[in-house]
Amino acid sequence: MPINEKGGAFNPLIVAFCCNWRSYAGADLAGSSRLNYPVNVKVIRVPCSCRVNPLFILRAFQRGADGVIMCGCHPGDCHYTSGNYFARRRTALLFSMLDFLGIEKGRTRVEWVSAAEGAKFANTMNQFAETISALGECKRLEDIRCVESEI
Amino acid sequence: MMLKLSKDKIGELFQKLASSRTLYLPIDNNGQVNFGQWTPDAVVRLDQLKTVKSAKDFFFPQTENIVAFKRQGKDISIIENRDQNEPFVVFGVRGCDARSLDILDKVFLCDPVDSFYKARRENGVIVSMACAEPEETCFCGVFGIDAAEPQGDVTIRIIGDNLYWDGKTEKGKALGESVKDLLVQATGQDLEIIKKQDERSREILSMLPLGDLSLDGFEESALLEKFNSPLWKELSQACVGCGTCTYVCPTCQCYDIQDFDTGHGIQRFRCWDSCMYSDFTLMAHGNSRKSQMERFRQRFMHKLIYYPANNDGVYSCVGCGRCVAKCPISMNIAKVIRALGVSVSV
Amino acid sequence: MQKIGVFICWCGSNIAATVDVEAVAEAVKTEPNVVFSTNYQYMCSEGGQSAIRNAIAEHGLTGIVVCACSPRMHEATFRKAAAVAGLNPYMVEIANIREQCSWIHKEKSEGTEKAIILARAAVAKLNRNVPLFAGESPVIKRALVIGGGIAGIQTALDVADAGYEVDIVEKTPTIGGKMAMLDKTFPTLDCAACILTPKMVDASAHEKINLYTYSEVESVSGFVGNFTVNIRKRARAVNSDLCTGCGVCVEKCPSKSAKSEFNQGLCNRSAIYIPFAQAIPNVPVIDRDACIKFKTGKCGICEKVCTAKAIDYDQEDEIITKQYGAVVLATGFKPISMERYDEFQYAQCPDVITSLEFERICNAAGPTKGKVLRPSDHEPPKTVVFVQCVGSRATVDCGKTYCSKICCMYTAKHAMLLREKYPDTEAYVFYIDVRTPGKSFDEFYRRAVEEYGVHYIKGMVGKVAEEDGHLIVQGSDLIADKQVVIKADMVVLAAAIEPDPTARSLGTMFTASMDTNDFFTEAHPKLRPVESPTAGIFLSGLCQGPKDIPDTVAQAGAAASKVIGLLSKDKLMGNPCVAGCSEPLCNGCSSCELVCPYGAITYEDKMVIDHGVRETRRVACVNEAVCQGCGACTVTCPSGAMDLKGFTNLQIMAEVDAICR
Amino acid sequence: MSNSAGIADMLIPQLGIVKNIRTDTPDVKTFRVEAPSGGVIFPHMPGQCAMVSIPGIGEAMFSITSSPTNTEFMEFSIKRAGYLTEWLHQMDVGQQVTVRGPYGNAFPVDTELRGKDLLFIAGGIGLAPLRSVINYVRHYRDRYGLVDIVYGARSTDDLVDIDEIRNEWIGHDNVNVHLTIDRQQEGWNGHVGFVPDYVKELKFPTTKTALICGPPIMIKFVLAALQTLGFDKSQVYTTFELRMKCGIGKCGRCNIGSKYVCKDGPVFRCDTMEELPDEY
Amino acid sequence: MRRIRDMMRSRAGELLREGTVNRVLGWKNGEFYYDPNPAVFETEESLDGLVYNGFSAAMLSKYLIDATKKEGRILVFLKPCDTYSFNHLLREHKVNRENTYVIGVGCDGMLDIEKLRTLGVKGIKSLDENGDDLVAHTLYGDKTLARRDILLEKCLSCKGSEHKVYDELAVVDDPWQWDTLDRFAKVGELEGMTPDERFAFWRGELSRCIRCNACRNACPVCSCLKCVFDNPRSGVQAKSNADSFEENMFHIIRAFHVAGRCTDCGECSRVCPQNIPLHLLNRKFIKDINAFYGEYQAGADVEGKSPLTEYKTGDVEPSVVYERGGA
């Protein structure tokens, strides 16, 4: 298991933004199907993937997240008809920019998960957690003021 | 007592200085020179006349923690966690920046004393450096600054292959003691060289295009007349309201106090602010300086009238010319002085 | 400052087995503004709910967090429970510690830790909640149907039968649409007119239905439940109230050289005309471009012969303004233009016709009185070639990418009818695929091949050329893998169908979104197929996508039932989780307007007070009745003026902070 | 003050505990604050201010409403206006806050005002800073001459701490209280009209020294009213509130010309205002 | 450019005289040759101070936001690149076209005083411009220079001499022309680095940021009435770079907010007192937008949707972008 700077076991912190109508339901299905995925994944419910502001993603990294994943309805399937299309463009550009700034691109991900894809949700989270574990702690976008030992 | 050191030993000097305290000097970062902490592989640029930011950072940093808090239910605990101050040297400070500290002192060391500033001031030693090749944007002479022989705890000159070290204050002399192994006594010939160099520098300084700026007319008695001048409108028209001039200025001292929620507590910090910003004086129910004209006027009135009114006629400008070089739209204090001052008949 | 209560559900052992509920209850006590926390076996039970109600009363709670199953499960339950206790239902947040915690994690220590974090996030969010109130808006009990074809007629009849008023706006002088032009219908071969005209009569006679023919929608404002629509009733130059429909004017009209739209231009009509015999209303209209009186000022014969004094040359367009609760788009289709298909020589050879023209030729009321005759020489053709997929299933730059769905069947019908009437006439059909997924469709197609001896050739036609009064059709036979050349007398093109061109402007007017082919999009392709994403706008018939008559009628009925469902309400309760604009921050840039899928955002010049300064500015206004709360605008807005109630920037950031602490 | 770490700086606040909350008007509450060990957090003079803060929410300058003669507690009358004050209004008793100060000058109670006949004129929340002086003067009643208080508000609901005025001020030796509200209201049998007009009606003799506080527009008209009565500007004191941050004349935002409100003010004698630019 | 300046003065004079406009927005001479500042001229006489030279780099379009709210029509001189910004402001309803009279002025490329200084030219008092040949008069003597060597970064990849919007033009038939560089070259170079190298590059650059907001305030697109970074209620307000995160945050969000709207005018980099190549962030977005969603030039026209306010159902998936390695 990877070790963090303080010498303890590395428990990556993963924030998942899920749209209320499909991906969150997919996550629920993963739960009701008792499909395991790492405890490190914490889901934030948003009405639609298009509600995910880049500020939220950066905020998560600021506060110590090691990976951020956004899940929404499959393209063409958006509850609000077009939200995920806008979200797709925004995240494609934002994540490309983060990569451009030297933030390892494995730390950001977009996945379309429908309400029926509990297994996909769990698999995705397992894979993503693995990727993040391999990458280790995310220091490049962290705000050192938010590190626990500080005030 | 004038001491000297061969220029090729300058690296050793830095090493030695840095061994007992933190050493800050002009360092090149991709073409831009700013004061930064010396490391053996730093690109030191003593030849750079103007660093982008001034040396005020080391005494009045752009951001500094004041105090922290924790909140639990209805309770608050106050945690004093100010940075421990350690001795440091700022090396290669030009005459204008060296003078700017006097101006900041009048603000931060007057009652009630700003203990954060004071601690830094006491811990810091200023090694100033004479200017041999001033630029056209310089006008320190207007404020009575002699860039050829700047003030400071130590004044250095680099002439030919030598660095001349002139310890002026107790602090400066003590610093000289700490590196005395490297310094040798300057000879009479050296003093001649220095004298010549100073004279040459002063000659150029006297020819600077902004050297003829006149502060006549900027007296406290003219406060209302200047304040109500119609020229402000015209002068401020182009101002985009950024903080460049204030942030590169060695004498600007406005600040803000803000709280940051770290998730584990509240960190209260002080950071630079700019009177040029539209939200500087913004309150819920209004803004006492609504237009950029008023904000622009405030900055220059403060430097040229308000500050002198409170500080025995000393202007809050040292003529470093940074704002002249850096303003995105080329508006600056020189133009303001020219426009608002009493024109000197030639 | 809030007073928050946190309730942790055991869900029997579903949660309690992997989450130490006591520990969670204890841990959340130190969170900001939490004044009470407890755990209970089943929060959703009456006991659990009463615990919530009691705690609200006892501790004066201003908000509650329930740590339980997914909000998709019981959010509504707990909101109701809170409301009963006098709490605003939107001061309830759910931490999902079952589906997203206890059920997926095995270690109790891990599950507990995660549950604490999820609870903390819910508390953090709730600390930023404010009470929300759903807006109400009245419902005007009248529906507007745009398009008077079979789709529009059926929807109107169904809605009217339920007791609601319906207006039909039809741009042509008569209702009936494309179906009125058809001869027989597949696969039953019953007469289109025989089944359609009674419906047309029903519609015109229905006391709840009001027809606006020769009319168009001019503009619209408002939103679901309350649309205000301006209808331009174009001047017929005939007073409908006086006209008896005797037809003398049509007969006596000296100008008889206008192409008959109804007969696809295959024959002429008079300047004053009734499109077809069963037209409704049976009132003529003067074609001002063809009328001698309108062109020269002389003539006036129709006026003279009209005993009812119904002719009124001075009649002007009339604007009718009415309010509607619901709008049904039933704008139908048209075949695509064949002008660009040079390979088929449509523009050059009169005997190359479209299927719709062939319908008219077959029809007893058509230009040839039902005899299949070549338009060029009025001779019966001996060999007819039918070409399928003309412009359908094509590339983007040539034709339409989609399948027009109806051509396979009507071509089989045409070939069959042809062979039945003229057994010695040969019928060839060039096809790519024959698609027959409908009730009795494949049997119908097989009858054409097997019983009627229609020659089906899999392949495309490469070229049609005129030669000695014949049409030489060159094509490929993919099965025999050879080129075929057929000397034909008539070529019938199964032209692709596309939405009626008026649909686009209507789509913009009603903010009904469209796909790249200008078909209206559904609110959901599977689950809400007859609703537009814009609330209160419904879709009926071909305007949503290619379909045949039974599908159209079925969809028309479905749209009607949705309309009835809407009109049966007296008022609509809005979703309070909608976007809102902070006017002092709004730059008026219109970005939000561009991304709103519902057209819920408009811009107005408003007096804005910004830190004591009053200024008139162009600012965004959200129509809360229309907004569905997706949040697309909130991210597009650069200044953060747009925020989404219930999911504000600060709420979501508080959750992020709490999770990442 | 020492420079070494850990020694208090004027920017570092002290703790206070809210011991009592009084709702004065629909948007004004008065908070009684004590040091954790009891008593006032620091001594002050009438007219001085303090920075009150909830860390993480904000910090703002409020005048200390209580009289220095009260060593039990400090009071702040706070009007709900922005984010911080909204938060303060939602506090419960027992809540801790941070306080630093005192800042600014004070009314010259022990110098120029000594022995004078005093005229206090306040509007709305403007009573807050004057209340400190009034109670100070009442405490040392023999040091001052006649006391007149003119206090007005939009309505009876907006009169801050009317109980103290009714129960303690009215009836105190040689203290005359003149109350007024802007518009007639049921159950009110006092004077109706704007404060500046009332001041003119009351025709105060010019032997008095006036202390005014209220909304900027009221101050302007009261000053004019006093001048028509023959008052000289040098007989009138007023107190200001402008955006203040540091409280010690260094952060650079509350200045009016060369004067810092937080340091050279908030109390200004009106004749000295003439030399200041019109930027407040 | 002197010829153009003369045209500008005479046309401005005429338009003021005949009342077509009541103000003129241009550049006014300063203390030195190289420091003209944007200024409004209200009288014909004052037009003597109107200058147009290699240092009239400051764009004027953004001033029109406030200027066109005022009474009367204002004459503005727009260089070709500035017309894109003007169009953008029109698109977002920030300027009033009716109150504007646009004279498109020809441009020989603007000069970078910093480059001049880096070349060792100190104490510059004035400059003679003659196409590619420049002579600098300094405190320390005269120096000859080539214009192409001291062009502003943004002018090295000039968008061309075409004005996208104007009421009339003030151009010369034989303008000086120069070879432009691929504007995405540096972005491409960075994309070719490892993440660690890129991170090191950007840390080095952004660590110089002093949060003076010059980039934002000079940007014609960043014209929010209240920026999220100034708004205490936005949750992201920050006045200084208390932590390196805030430097990153500020510049990422700023670039993101102008993504699809940025006209690539290059003002952000020009005005940065620390010479941070901020335009590279914008160009990264532009390069990606062009690659993913088709070529798009903000400000080329007033109508239509910008890339982030529209979509295509077949847009590239972020996962594909991810595998592709950025772009």
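Labels A, B, C, D and E are assigned to the chains in the order they are written; within every chain, residues are numbered from 1.
The rule is simple: a contact is a pair of C-beta atoms (placed from the backbone, for glycine too) under 8 Å apart; a residue touches a chain by one contact, two chains touch by 3 or more.
Nothing here was measured: the structure is a model prediction, and the numbers come from that model.
Looking at chain B and chain C, the chains in contact with each of them are A, D, E.
Distance between Cα centroids is largest for the pairing of chain D with C. Taking A-B and C-E together, the pair of chains sharing more C-beta contacts is C-E. Put simply, the C-alpha centre of chain C and that of chain E have 45 angstrom between them. Chain A and chain E, compared by their mean Cα positions, are separated by 36 Å.
In this assembly, the C-alpha centroid of chain B lies 39 Å from the C-alpha centroid of chain D. With centres set at the average Cα position, the gap from chain B to chain E is 30 Å.
The multi-chain contact residues of chain A, meaning those touching 2 or more other chains, are 54-55, 59, 63, 76, 82, 86, 90, 143, 145-146.
Contacts with at least two other chains are made by residues 83, 92 of chain D.
Residue positions of chain B touching 2 or more other chains, listed in rising order: 69, 71, 256, 260-261, 263-264, 266, 273, 282-285.
Residues of chain C touching chain D in their complex: 1. Those residues of chain B lying in contact with chain D across their complex are 66-67, 69, 71, 74-76, 78, 80, 82-85, 107-108, 112-116, 118-119, 122, 220, 223-224, 227-228, 253-257, 259, 261, 266, 268, 270, 273, 275, 280-285, 288-289, 294, 298, 301-302, 305-307, 309-310.
By the touch criterion given at the top, residues 92-94, 222-228, 231, 233-235, 257-258, 305-306, 308-310, 313 of chain E touch chain C in their complex.
Every residue of chain C that touches chain E in the complex is listed here, in rising order: 516, 584-591, 594-595, 603, 610, 618, 636, 638-640, 649-650, 653. Every residue of chain D that touches chain B in the complex is listed here, in rising order: 1-15, 54-59, 81-83, 92, 94-98, 242-243, 245-246, 248, 250-255, 257-258, 275, 277, 279-280.
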